[in-house]
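Please go over the structures that come below.
One chain, chain A, links the two complexes that follow: it is found with chain B in the first and with chain C in the second.
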Partner chain A sequence: MKRITLFAAFVAALSLAPVFAAPDFEAMVRKVEAIQDFSGSDFSGVFTIVSEKPGQKQSLTQVRMFRRDSKEQFLMLIQRPEAQKGQGYLKDGDNVWFYDPTSRKFTHSSLKQNLNDSEAKNSDFSKKSILEDYFIEKTEESILGKIPVYVITLKAKTGESSYNRVKLFIHKDLALILREEEYGASGRLMRTTAFTKYSPVGNGKFFPSQMLIIDEINEGEKSQVTMTELSTERLPDKVFTKAYLEQVN
Partner chain B sequence: MKVRTVLAAALAVMAFAGTSFAEDLSIVTDESALFGDDPASIIESVETSTAGSALSTFLKNETVRIGGSFTGSVGANWTMRDPWSAPALDAYALDSVASGTLFFDARPEEDFRVYGKMKAAYPFATSADSDGRKNAVDVPNLQVFELFADWNWNDALFLRFGKHTIKWGVGYFFSPADVLNLSAIDPEDPTAQREGPVSLRLHYSVPGTQTNIWAYAIMPSKAAERDKPEYIASAAKLEFLLARSWEIGLGGYYKYDSAPRAVLTATGSIWKLNVFGEAVASWGSDKTFVTTVSATQPDFVITTDYDSGVFFSGTAGFMYSNAEYDWSVAAQYRYNGEGYADAEREARIKEARSNETDITQKLSAAGQPSSAYSAFLKGLMYDSGRHYAALNLSKSELFTKNLSASVFAIANLSDFSGFATPSIAYKLFDKTSLSISATFVFGGADAEYVVLNEGTALTLGFKASLGSGSF
Partner chain C sequence: MPVIWRIAFRNIWEHKAKSFIIGTLIVLGVIVIVLGNSLIDSAQASLRAQFIESYTGDAMIHGPAEGAVSIFGVQSMDGEMEIPTIPDYEKTLALVKADPGVAKATSVALAYGSLALDAEELPQTTDEEAQGPQAGFALVNGVDPSTYFDMFPQIKLVEGRFLASGDTARIMVTAQQLTGLEKRYGRRPKVGDKILVNGFGTSGFKIREVEIVGVYTRGDEERDQAPTVFVDVDTARVLGGLTLGADEDLSLTPEETSLLSASGDLDALFGGDLIESAAVSAKVDVSDVGKLLGSTERREELNKADSGAWHFILVRLKNSAAAPAFIAAQTARLAESGIDARVVNWQGAAGPAGKFADIVRVVFVVAIIVIAVVAVIIMMNTLVVSVIERTGEIGTMRALGAQRGYVRKMFLAETLALTLFFGLVGSALALGLSALLNALSIQATNNFVELLFGGKVLHLTPRAGSFVSTIIMVFAVGYLAHLYPVSVALKIEPVRAMQND
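Up next, the complex of A and B:
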């Protein structure tokens, strides 16, 4: 019952039906971004990631994230597994520092590179709008499970974008991405992400609280991401500094 | 692309997925189950927390955290010094590694922390002559690698005192700027933690910026200087952001009776490359330069020191990784301002060769082993060039998921010598892998790496990594 109430409130608040009656897909993409923009407040929460790889036991990773969109800042601290506890990322604008407490090194990189050895690109964290890096190449309608969706295919404007093509599957009644597909320069599908749950965090903002990430290159590799302990309380400025990152590690 | 920040954060974290196992959770991938016909199922409120209390959990802990790592491997290698004209097995060796680290991290108060790290390695005790006398003593192969305390003043000035690694330069294979740590980067193991000195560090983070000021007072580490306050070295560095995505560092280093240095570092990106560079200018040099090699001299060399004049060193490199095809590359060039000019270096080698017989005889007469001349020549040649470069190219998931390959190469570009090591590794299962490698030394007869390796050697290696991991 609670779910239905939340859903109804969400739809009413956004008054999406008129917006999407004659779809303006650029406006739709902007709306999708606006709903997850926390520029007016800070944000923190815990990610729990359960990963599966063929022939291996499931692994669990837990990270606490502190985020301040207004200044394009975030801090991520690894909590589990114990062996990696203390590693963290600090982002400020286009800059990302990875801190490894074992080597006591801050490694600085910018948004053009892959983040450390992960699948994530630094540009994934950028505050830039999707439409600054991509243009809408194609739109269509489809069904995801049993939910009607718009499928927007985005093509990179330059070779510097993280992906050559991105497909967004957007709920027809809600400005929420349900599925995202990313394609490399070769046209190969590299990653599929399903956003299966969203949590309201006030002021008409929603945060994806459960995701399924499928590595399309390595068959059988997938991860489920769950977000808990959400908070939009104001964080101290010191959180987004090298000093704090080192202090807690 | 703001909308994907959460996703990106999750992906970044997944790179660390390690040994903490989940309780058999079933990951559902079926779309009809994920996106049923109830649109309300997408929206679900989750629990909230107080961010403030989350902050304090990182800074204070009722218990002392204990952790560490274990590295285990068994390897063997076979070397031919002159495989191309006189192939014969000249040397072979077994290398058994059982080493570990153990650390504690105590945080009794939010503003106070004590950290210590010990290292031990097989053989766990080594015999050493006591002051040259006949009686050998067993010395445990155990080392206090780090021991320091962190505290702060008003959450503004962060202090650390004790023995700890100092992050100073930005180079990957080489870091001419870093004269603070006790050891240089090992280009064959560039990410390994280096041993730092005992020092007091002050760190001030300028509020509202990513500008940081670091200042150090470094206690003397040499036995002869340890009780003399005038040998306390000082260093300071200012780090700031420039043009959105470049981090610049400006620093200085001073120690009594040593060459003072000014340092400039930069990291940023060009295209998709992670680029880094260091420039160092010193007034005078701490290096002793050999001006003549002669068998008539007591140590077979005449040397000179430079207390004045500017010596410039620098380095620049880049790193790139491609997630789509699972490969990465790191390359770096180094200009060694304290190296010899080509003509000088060649002259010293020529002198060493022309005096070889006399020097060897004198070393032998002094009771030195037959390898003493070779060691003398290696000492003369080591790091004598002005231009160096290193490269590492690696590819994971080569043909099959568990197979990876890499090539590491390092070269003295002044005399075009170096070595290249291609290797292939296969992961049998978690914490167990096998690798084979071949190291090819190249260059002229009197070139640095040929002398250091006693020929254009070929070394074939095999290694089994057994049970390495962190806890």
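Up next, the complex of A and C:
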């Protein structure tokens, strides 16, 4: 009888283990990144950025973005304001062209050359996991609005990272970042980003479709980014050409 | 000669070592101050002449801004680049021209940009100078050609012609700028060729193709390294964002600003549905290129230059010395007319570059004060020793009826005689040294030294006022230094002093 009781207790403990064990937060961070990783497919969408500064009227930039990360290509076409409509940036590897439709001229610059004068390297712009630069310092649970979240505090491994600490508020069930806080070396909050809407773009991937970025240093400075017409459908190769920029104008 | 002066000279002579130490200090002090002041005066005079004759005129009128405005733009801590335009330009210009002291006036619209050639891509180059993004940076000055080049005659043509009224999409560059383009693109553009100017103004990037009409120089290679180019004003206006589209109505939808108008509570933003499918489109039709942008008709209109927009009015006066009076009068006139514009002198218009001589002078004055304090301490020490040596003599004089005031005067006379004599010796040596340095024709080895010399060769012309002020300062130092020793001397009891003798 005693043996049966012990066995029952052992089975019960085993079955309860997943409930009490702490989640693997490193895996969670990787999952969060994987959900928003489009490096294997093309991506397109319309980004609308409205910015506010105290004492100034709102400013607007709306761009249509075509991206093919596998070939380091993108084409960015400005749709609004009207005065800049049709201007575009084309990146193909290290080459970047800017097109102005009012003069029908391109200017070219090389990413490699532009980096020559700075401490930056091309690798700084390539996609890498946040866990390469930061380690998990603290985890806790909280509620954002009515949504239960994990709060993961990441601490920079070296002094070279953009921020000393990053706090991620991650949806418990969906593994989506709902809020991100970035702190400087002094512990001061520098920037807060709220990801208020996500769109499912297939294959279990999500793209943030509405967010608010608050500059915590300059009070009153904030931007809303709204993304529409999001797609991960394959794009024709001709999109990533100078000729295409000229044609759309 | 009054007896007090005879005693003073006798003491100076009798205490040769002490007099020599103090005298040497005074001579060195005078030389340093006179030559230093002369150097800074030369730098300031040369800088002033350079800026007034080549860049700023005697005064500049500009629009209202939070930061300081110069011919290089706005100095701002938060990266604000927008240069204010002159409000009610025509009326402002009329007010300036109505001033009888004004000899010439011209207007400028400024844009920031970079020079480039219409090339498929940059050729591979190993020349590091040509590779950097700074290689083509340009201060794009949109000028009124009918008045600008007349006001700044130091700008001379090397090739081609000056800009002319009615020119559109034309540019004047320096030979150095052409060399920069040659290094970057492997071919040298010439007069008549077209180049690109990429403007980065507050309303985004713009590219304009312009034809080189002339190559200009300001007289020497150093000055031609400045990134200034001259274009017709409408080109500068478009590149700098002074267009009809600058005040475009953005027609924002409520969805585009819903988060901005929400209250400060971020948690409240997560009340609705987190996942939305409406933003997703199954297929993007990239082949119907016309549909992507829609109508672009308004774009052309919005990119037209705002023909009344100018950033600065530069003024040359008949008498440059009358600039402060002109600035005061013009400021009052603008205020009376309800025009919110500012008037600054050449230094204001030159920005930080114009304050170079002032900064050097402040550093120099601080150094002189430190040296003066050290000199006071050394002189005081020397005088105290001298007083102790003369304890018996002072005691005897006091015993014979010399009042405290007499002893005080005696020391003052001695200090005055010392400072005056050695001050004059120092002045003579400073004059001789400056003549010697001028004769040596010392060349400036770099830009900083050239700025300090006020030219390529060191040329010192000490001012008479500098000698007078230096001798007064040296006397003040001597006076301060003698106060403590005198108080020591006056504490001596005549009887005890005589016993010591």
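In this text, the second predicted complex is superposed on the first by the 154 of 249 C-alpha atoms of A that agree within 3 Å, B and C clash if a C-alpha of one lies under 4 Å from a C-alpha of the other, contacts with A are read in each partner's own complex, and residues count from 1 in each chain.
The working rule: a contact is a pair of C-beta atoms (placed from the backbone, for glycine too) under 8 Å apart; a residue touches a chain by one contact, two chains touch by 3 or more.
Everything numeric in this text was worked out from a predicted model, so none of it was measured.
Legend: residue contacts after superposition of the two complexes on their common chain; A:235 is shown touching both chain B and chain C. Partner contacting the larger number of chain A residues, of chain B and chain C: B.
Within the superposed three-chain model, A:173 lies in touch with chain B and out of touch with chain C [touch as defined at top]. Contacts of A:194 after superposition: both chain B and chain C are touched. When the shared chain is aligned, chain B and chain C each come close enough to touch A:227.
Of the two partner chains placed by superposition, only chain B is touched by A:67; chain C is not.
In the superposition on chain A, A:158 makes contact with neither chain B nor chain C. With the contact threshold set out at the top, residues 44-45, 50, 52, 58-60, 64, 66, 77-78, 80-85, 87, 95, 102-103, 105-106, 108-110, 113-114, 116-117, 144-147, 171, 174, 176, 178, 194, 196-200, 206-207, 209-212, 214, 218, 222-224, 227-231, 233, 235-236, 238-239, 247-248 of chain A are in contact with chain B in one structure and with chain C in the other. Residue ranges on chain C touching chain A, taken from their complex, read 78, 116, 118-122, 128, 131-134, 196, 198, 203-209, 243, 245-246, 248, 250, 252, 255-260, 262, 266-284, 286-287, 289-290, 292-293, 296, 298-300, 302-303. If you check the complex, the residues on chain A that touch chain C are 44-45, 48, 50, 52, 58-60, 64, 66, 77-87, 95, 98, 100-103, 105-110, 113-114, 116-117, 144-147, 171, 174, 176, 178-179, 192, 194, 196-201, 206-207, 209-212, 214, 218, 222-224, 226-231, 233, 235-236, 238-239, 244, 247-249.
Within the complex, the chain B residues that touch chain A are 1-22, 24-25, 27-29, 31-37, 39-52, 54-55, 58-59, 65, 67, 69, 113, 150, 152, 155, 158, 164-167, 170, 191-194, 203, 205, 207-208, 210, 212, 241, 244-247, 267-269, 271-274, 319-324, 328, 397, 401, 429-430, 469-471.
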